[in-house]
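Heads up, the next two complexes both have chain A, just with different partners, chain B and then chain C.
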Partner chain A sequence: MSRRVRLLVFLLSGAGVAVLFTLAAVRLPDFGGTWHPYGERTLPNAIRRHTPNVISSINFDQRAFDTLGEELILMAAALAAVVILRTVRAEQEDAAGAHAYGPAEVSDALRITGYLLLPVIMVTGVYVVAHGYISPGGGFQGGVVLGSAIHLIYLAGDYPALARIRPIPMFESGEAVAAGVFVLLALAFAGQVKAMNAAVGLEVGCALVLVLAKFFEQALLVRKDA
Partner chain B sequence: MSHLPYLVAGWILLAGIYGLVTSRNLVHAVVCLSVAQSATYVLLLTIGYRKKATAPVFSDIKPTRNVVDPVVQAMTLTDIVVGATVTALLLALTVQVAKRRGTVDPDELRSLEP
Partner chain C sequence: MADALIVAALVLTAFMATAVVLTRDPARQAIVLSGYGLALAILFLLLQAPDVAMSQTAVGTVVVPLIVILAIHAIRRHHTREPDRRGRE
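Then we have the complex of A and B:
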């Protein structure tokens, strides 16, 4: 299909979608209206179960079974990304310290800022996970903060140090254990919002670190055999 | 004009798909898919919006206070997580396509193998 034909097909079908979507949208309840039957049914349950953050209550208590599916999607996608990014036969992977990406290329101010921010952001991540049931936040958000935090070491210009502080096998086990714990919690002990937040936070953090580690390897360490 | 926010979601969806259709680069296509998907965030959040209501977190407000619909907010969270994982997976595929085929232009990737 040439580019022009493709664009023409898009314009026709896009116009169709636009018309149907507009027709559907004008029949929806008014924007900002007071009719929210599902939302109103979740509020008393959340308050009764002492989970002031209703969104955490929905995700980990009232709809915990759905979150189990979401969690497994996350794990499957992380696993697939890791498998796809494996080193193929015609390539070799260098050791993390073999290249001088690094300290020399970054200004001292940036490096010190990175090292100083690392503990602050780790604590922030733990806070977001631990208080997810009571304030905005939770396992997914806090896990991303935690997983991103250790990459400050890389932004501070030290890839070998990053490779040292994130031993891949440990994070692989962490991911598997967290996923297992979450499945157990969702099937047998649904409603343990704090524990489920912690399991999700650990899993999301580990998955993020693993996937980013594979991208780092591709960008920095893998080279083709001459 | 009370339905305009819903139409914004449709507009974002079409803008994302337009980007996908005209894309000359797989990384650009992945980002366009993210744009198209963000239409669902806008749609879900606009459906849950309620005038003069606050966030559904009752740690520091009275239980009788009006809040926006928490169900669609929880679904948006699910949506964002799934979107992020799909983006990671597609970018991983793009890395392999670039390595094996030496191009990331979708138009040059007609056949399955060179």
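Then we have the complex of A and C:
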């Protein structure tokens, strides 16, 4: 495609998006206004169901079916990463300690910062999951914090230690069990906000660890057979 | 006051988004993308959506740039091995 044709296609599709976006936005409620059609419907329901946090009530009770879809999307993404990024026959995977990604490779400042932050962020992650149903945060946010926090060990320069504390089979089973529990809760025991919140936290944390583990393996350990 | 803050956050977000697009080297772009994620998180926070701001900080500032950097690193490793493999065939 020549530069000119490309520009023409871009201008046409850009104009189309602009028209549709304007049409969609003109009838929205005013920015910062006091009336909102969605709020009018969700707030009374949240109060009626005695959920202390309206956001949790929407995520895990009123729209739990939407959350179920999102969880399954995340599980599919983690599954795809594990399947696509596996070590194929023409490749070999080195042992986690085979390359010198040892503490010596990293500056003291980075290593100490990593080790100091690790426990603080892990506790923050647990807090965000555990208090998710009464304060901002929740299973998803806390799960992401927990799932990414353990990678501070890599930042501190110790990849073998990171590989040791996240055994892949355990996280695969954790992911599957949490997803199964969530599906069961969403379909059979609607309204269990606390339990669903915890299941989402476990599922998201495991999924993130799995996806990042596969990317780390590709970036550091997998090589083509000589 | 609140409106001024929201306008400032919107301008910052637009500025960071432009910076992401104008950064050409993918590895540097991942770092700028992380800054853009943070600007977006501040905007969400000012619009009184702390839950979304937390998700945005965790995913947009940490996980996505990390995955991009790891992918770039993996590609570079495979590319540096490519020439000698082809030379042998």
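Brief remarks follow.
The criterion applied here is as follows: the second predicted complex is superposed on the first by the 216 of 226 C-alpha atoms of A that agree within 3 Å, B and C clash if a C-alpha of one lies under 4 Å from a C-alpha of the other, contacts with A are read in each partner's own complex, and residues count from 1 in each chain.
Definition applied: a contact is a pair of C-beta atoms (placed from the backbone, for glycine too) under 8 Å apart; a residue touches a chain by one contact, two chains touch by 3 or more.
In this text, all values refer to a predicted model and were calculated from it rather than measured experimentally.
Bringing the complexes onto one copy of chain A puts chain B beside chain C with no clash.
In the superposition on chain A, contact is made by A:145 with chain C only, not with chain B. In the superposition on chain A, contact of A:179 is made with neither chain B nor chain C. Applying the stated contact rule after C-alpha superposition, one finds that A:74 touches chain B and leaves chain C untouched. With both structures placed on the common chain, the touch criterion links A:211 to chain B and to chain C. With both structures placed on the common chain, the touch criterion links A:202 to neither chain B nor chain C.
Touching more residues of chain A than its counterpart among chain B and chain C is B. Residue contacts after overlaying the shared chain place A:55 against chain B and chain C alike. By the touch criterion stated above, A:129 is placed in contact with neither chain B nor chain C.
Of the two partner chains placed around the shared chain by superposition, chain B is the only one that A:36 touches, whereas chain C remains out of contact.
Taking every C-alpha of chain B against every C-alpha of chain C after the fit on chain A, the minimum distance is 5 Å. Shared interface residues of chain A, touching chain B in one complex and chain C in the other, are 32, 55, 136, 138, 140, 211, 215, 218. Across the complex, chain A is touched by residues 3, 50-51, 54-55, 58-59, 62-63, 66-67, 70-71, 73-74, 77-78, 81, 85 of chain C. Residues 2-7, 10, 13-14, 17-18, 21-22, 46-51, 55-59, 63, 66-74, 77-78, 80-82, 85-86, 88-89, 91-93, 95-96, 99, 107 of chain B are the ones touching chain A in the complex. For chain A in complex with chain C, the residues that touch the partner chain are 32, 55, 128, 136-138, 140-141, 144-145, 147-148, 151, 208, 211-212, 215-216, 218-220, 222-224. Residues 3, 6-7, 10, 14, 17-18, 21-22, 25-26, 28, 30-34, 36, 38-39, 42-43, 46-47, 52-55, 57-59, 63, 66-67, 70, 73-74, 77-78, 80-81, 84-85, 88, 134-136, 138, 140, 204, 211, 214-215, 218 of chain A are the ones that touch chain B when the two sit in their complex.
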